[in-house]
């Protein structure tokens, strides 16, 4: 795409104060003509899947507002992502407010439409059932590897009698053949468990599981290597449940679990994943009503920028 | 019931400081043996029906905590409700977290079980779909009149394709023959409308509608008379959507609508309804994550006490 | 305009949940082609003029978010404003972050551009210096009458050595010949004063001043009549400083003054001003960082809808 | 005093922005030389007497900060109190943090020292046990009448086994001969009661009790007359428990009771008490940790200004 | 006990959503029959001892609510504590609201009653004077070692003239022969000091003091070893003042001291103390009014679970 | 100075509870007679320079309030700064509310007046343009080295067309010959950048730049050494923009940038700078309206104490 037309850049915060104007993700242009888009950033205002605190339906709105802060260039990698391909805010999925399964289908259809236009999805949830739906939309690129930041493995079989929930999403994507479990890694897992076998579910599926305990034991560099080894060169997805962060850095979420990553941790980890072939991503579980200081949304906006930089570089590489 | 056994009173706040102990509604004893209960106060932690701000699933918890403030005697009527019959906190309905229709059935079953034990329900929602379910549990007493405090009529036919929602609950109860619309009155209606015919739905069903505009025009005394005239002597239900209050007195709710009742208004109105044959009630739509000062929960707790006083007096009258 | 083309309506909240999508004022279409617009709703993210609490620069963003709640039809008047002429969100003025006078000029230029396209301005401040600038942009319609809701008269001569401030804006517009003081009325004035002659400044300019004391003494109906008498049939402006409301209804503002209007008061007053020839308006001084419950922004969004209804009806009348 | 020296005025907010400088009550000079003071405004950071929510120990600090807003002249009466006699911030009582009785003695001693210098006390609590102590310091002016704004009568005999508490303070002052009950009036009483005889305690002591119910029934004018009739011309005290206000206007307090006064109510009432011989006052029960918007402190600061105006005018009258 | 009867487990969060039901500590059964209890978890709603910010009296209530999040199995150790012995929520101590010494006696009596039934105490304060009283109740097991997490040593001789305060509690327990100072270790100490000899008091008593500076210098593993060496095999107590955590992880406390432990630190440390013979514990100083995000209570609930796991394993070991 | 007179100490918190009394910085005496002062701590309530979130004008007020917590002795170094020379709260600069350049001049004049009295400045901003002005006031001691903690370099040439802004302050001070760039070091830089050359501006000026990435790479000890090497023995200034801290420790600031210093980091770093010849300092960018837990102000107060300890020791050294 980007070779065909002039790229539309975000509003320049050195010319327009960051508090001016409609809030789009990272000041991006709001584009409906998807054929001009390389990477579509969009919201999934949906939280019917939450089993504890609700509120993630307002996540996209809060992250858009917080992302006013984002400037243009990555301080560590020097990447100016908006100039390398056409990134756009492509709006929100119109998730049905009551119909859980219908909303899941709407999310999938939204991503399918992006793919039909050659665009890649960078989603902002919504509760962490959303990767189940986004991944379905990426079937054309399957099987995918995955880097999954979370405090919970999300690989139960059923949860309260349901197959599609935030607690089962990752198992589902494996069972549906979209994720290749051998190229999937879950990092940061911790928190009290349902029955002591919570992580074994993932292991039995074939995923690589790095609990927070193991992360601390092997260290950041080793884990980065392990992520790269696991995911390999094939197309991969990044799923970031904001509760991977310690609650001091992300209080505004459904199920805070103390003893997690700092923003510094995940910034460094993400910046070390350059070269991975990231073709889609979600950042989920920002719950604005539980975020009075707004720090959770600010952190999510920064992570969105980091992941976008990875996606853009991968996109440029692929198009070479 | 109460004649058969010694009534268990709430903890006495003149002997135990109000911040001491497990939070039950109004310091009531927590009773599982329903056959000893005359009026069962319970929570309905359910909010899947909300079409805007979620959070009401934590309403029962917040109102229990806020109700620590409640003492014993009604300052206007002198009623000491806890001494007149057995009031108890009978816990929460175990609402399914994903299955909307299942949860509605669970609520109904909970009330049916209360009724089977001869007890009357005083429910704390949850979103304002809950009266649809509570009323189903009161079928044995139907047809019922109703005093409905709200800013919205909740009498749409379908809402986003669904018959059972907070926007359709009251129509449903009429159609199911539980409410006698001729003995139903809706008070406090206001707020921008979907299509300008929002109140006509109620009128066409046969209900008496008193918008906030009309309330202000006729005055408090006239409206009290109108309520009494409409509801009459038959069994009746009180449904109190907390958004009937002005948002300055109830910011913690799903859909705040400015220009509503003050607590003083509704305290006086409720105290003037002595003698009505109230057999059940709900107080709904308290959304704790949007209530940083806790005022919404404090007000809901006070209203629960007022409605309880009405229910107790009616109960005593009936048992005479 | 509206006769020439099909009107673009806001997103329909009965089809798209209100928490879905980019936040524009009242779900309005975001339009840059001003020639198709009859009434342009826009933000003025500017607060350099504040002499106490800052934060109003985030007012437009917060009011856009809060206005997700607004539906379509006025419950008192039955007006469906969006269908009567083309209303649009036309973005924000790009106010310079440091250059006070430059920003004032930018605001004026923005309104002049609206006028050049035949559109009328409905502005969302920003601090309450903004009417000084908006009114300059309306010079082509001068002299204007004004209905000014505020707790302060804003008619000092200079404030901290400056002629253009939130404390002097209304005097300035008179001196510049844009306001006809004989057709201007200030309502709701109260609060401790600088020197006891604060209101006399307005009176000496020729304005009609209705302090909150006098409002309470004469009553709502009489004040409505007085507003209508003062403003007359000529073109008029509505300036609404949100601190006109009591701080219990608008805590998020720069200078809260207890003892003010309720939302109910101002809803009824505004709805009684149908027929006035309103050609422009501003709602100012919403300060999100001081508004943890969001009630101030919710109220401002509702007032914006009320004023819009007046402007639309006046527009339709003029075009007949 | 004031005739003897030049009065030191508060910092002029038209010359120094209100957010500049150390926070004293109403920008008053901080004076330790009490012999130059006519009216000493001071804090009582004490809350050991609270039986529910603590926090009032930070009341003086929060009210000082909020009182930055206060300008100079009363908008209704035109009184410029700071120019009529020497008003000063005379600091805080050094209340012992653990020793309840010791702290009470320290408060009394502080007021006695003010009296020894010919000054009158305007106290900012602290919990509402403080009037018991302040009144003891005013013994030289006894017997005193009282205007007591509260939602609770504070005339129990003992509370949790103690004679000196916020729930017994007013009875104590009567029993100690400091208050003349026949010249005392309690206004605004409401809220659920301990045993239904809560107000009778006051009546039996000889006080005039105006519950909020009666207030509403007789109206504002009649109550003002009743206050004036009750208190008469003798020296009198004003005790203002901030929970007299409705919780929507004063959420930050120990025991919020819905259905109370608005600020408008009490502003008008206080302004109508000109001519009463007010010789001391307290404003109590502001609890900053429960006041996230700061509205409670803002309202308390405004009430302090109103009461000060009464005290100053009475002082001028006496010195004539 | 547990061998004698069937253990009552907490409500299963995989069957009942965590927001459903009365809030007890960790969904535990509420049991009054103490003879069936092995470990009694209880609240001490008391904060008269605080010399700065109050509010800890609401600590038990907030921790109960936050502990809804806790599931069943420790993620690091695999321990399922609720299945190994009978753990129960045994309610709150009825602390007198005014009588400091009386309340201390009530706390002691409560623990003595637990001991008389063979149960061990896990207390949730309240301010950090509570270990002084809990330890008195554990005299039958004295002398005890102690692991004390705090930013302050609490070993002053007198504080504001009092021997029993949060600043003197640990010295008192030594002087009373309940703590064996040679088996006591204080970790995490930091913050500005009263006179530079604050830690020497502890050292002179014979305790091992590990300031945060020393902790950082020796590292986590060495400190764990030092704790184990100091405390040895004898019965020991864990006292956790939540201000041991950095204020970014525990803002809701009386005296926040920056530069402290992370949750990760203390989780790992506690999990490494398996095998210590822990016979009692308290978690104190959670102050809900200063905890708008609730993170402090969430962290305290998680720490309570960690300490419970230690107590349960020790209990099982002892009973073998 | 200190040799000439008796030093006035802060109020002793072991005798007066910390919540008692007017809030001055660290309970310091409020002194207007500057000739007796060695180190003047003062506020700069100014935030016109902010290009994103406003509010820092209330920074001095909030830090004064939070500094009630500070006791007397540094826990790491044992320094009791208040006893070594005369430290005083010397009030606030009367910054003009509208006139940016005038306010800058007022700040400079305030510092010049301190210098004329032989005192050194420890300023509390205000937005981070304030060092530009404070440094001008220190011209008599120039050229100065600097330790600058920040997430942004503040060395743009112009920002929105202005030379004196928070984004240009440090370049300005170099160009004006006040800072010797070869003795200046900036630490903690991070965050998305304007154009990728943000740090090069500083390097080209001749400053030593330690991004947070480099800090992490070299470690704390190496950075301390680098700071000491860079700054050397000459007079130096400390500028601490609170956004140098991670937002989890300082959410209340204008431009939060995740991934920054912890309080522990900066405490250790500052304590390791003993012996540097610090002659002035500022702590800036605390924005109270974005700090609902107050943690940002608490941290700033603690940092102020740390920097004061450095200044006092340097002062004692110089006077030897």
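For reference, chains read A, B, C, D, E and F in written order, and residue numbers begin at 1 within each chain.
Keep in mind that, in the parts below, a contact is a pair of C-beta atoms (placed from the backbone, for glycine too) under 8 Å apart; a residue touches a chain by one contact, two chains touch by 3 or more.
It should be emphasised that the depicted structure is a prediction, and the values quoted were computed from it without experimental measurement.
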Taking each chain's centre as the mean of its C-alpha atoms, which one ends up farthest from the centre of subunit D? A
Validating interface symmetry: for the copies subunit A and subunit F, is the fraction of residue numbers used by both over half? Same or different. different
Sharing over half of the contact pairs with B-E by residue number is what counts; pick that pair out of C-D, C-F or D-F. D-F
Whole-Å distance, C-alpha centre of subunit A to that of subunit C, is 40
Can you pull out the residues of subunit D that are in contact with at least two other chains? 17, 19, 51, 53, 57-58, 96-97, 160, 246, 248, 290, 292-293
Touch-based graph of the chains, sorted into line, ring, star, complete or other: other
Chain pairs in touch? A-B, A-C, A-E, A-F, B-C, B-D, B-E, C-D, C-F, D-E, D-F, E-F
Taking the touch rule as given, give the residues of subunit F at its contact with subunit C in the complex, in rising order. 47-51, 53-55, 57-58, 96-100, 160-162, 165, 289-290, 292
Going by the contact rule at the top, pick out the subunit A residues touching subunit F in the complex. 13-14, 17-19, 68-76, 78, 80, 246, 248-249, 262-264, 267-268, 292-295, 298-299, 302, 305
Touching residues on subunit F, where the partner in the complex is subunit A: 51-53, 159-160, 189-196, 198, 211-213, 216, 246-248, 251-252, 255-260, 290-293
Sites on subunit B touched by subunit E in the complex: 16-17, 19-24, 30, 43, 45, 57-58, 61, 64-65, 89, 91-97, 292
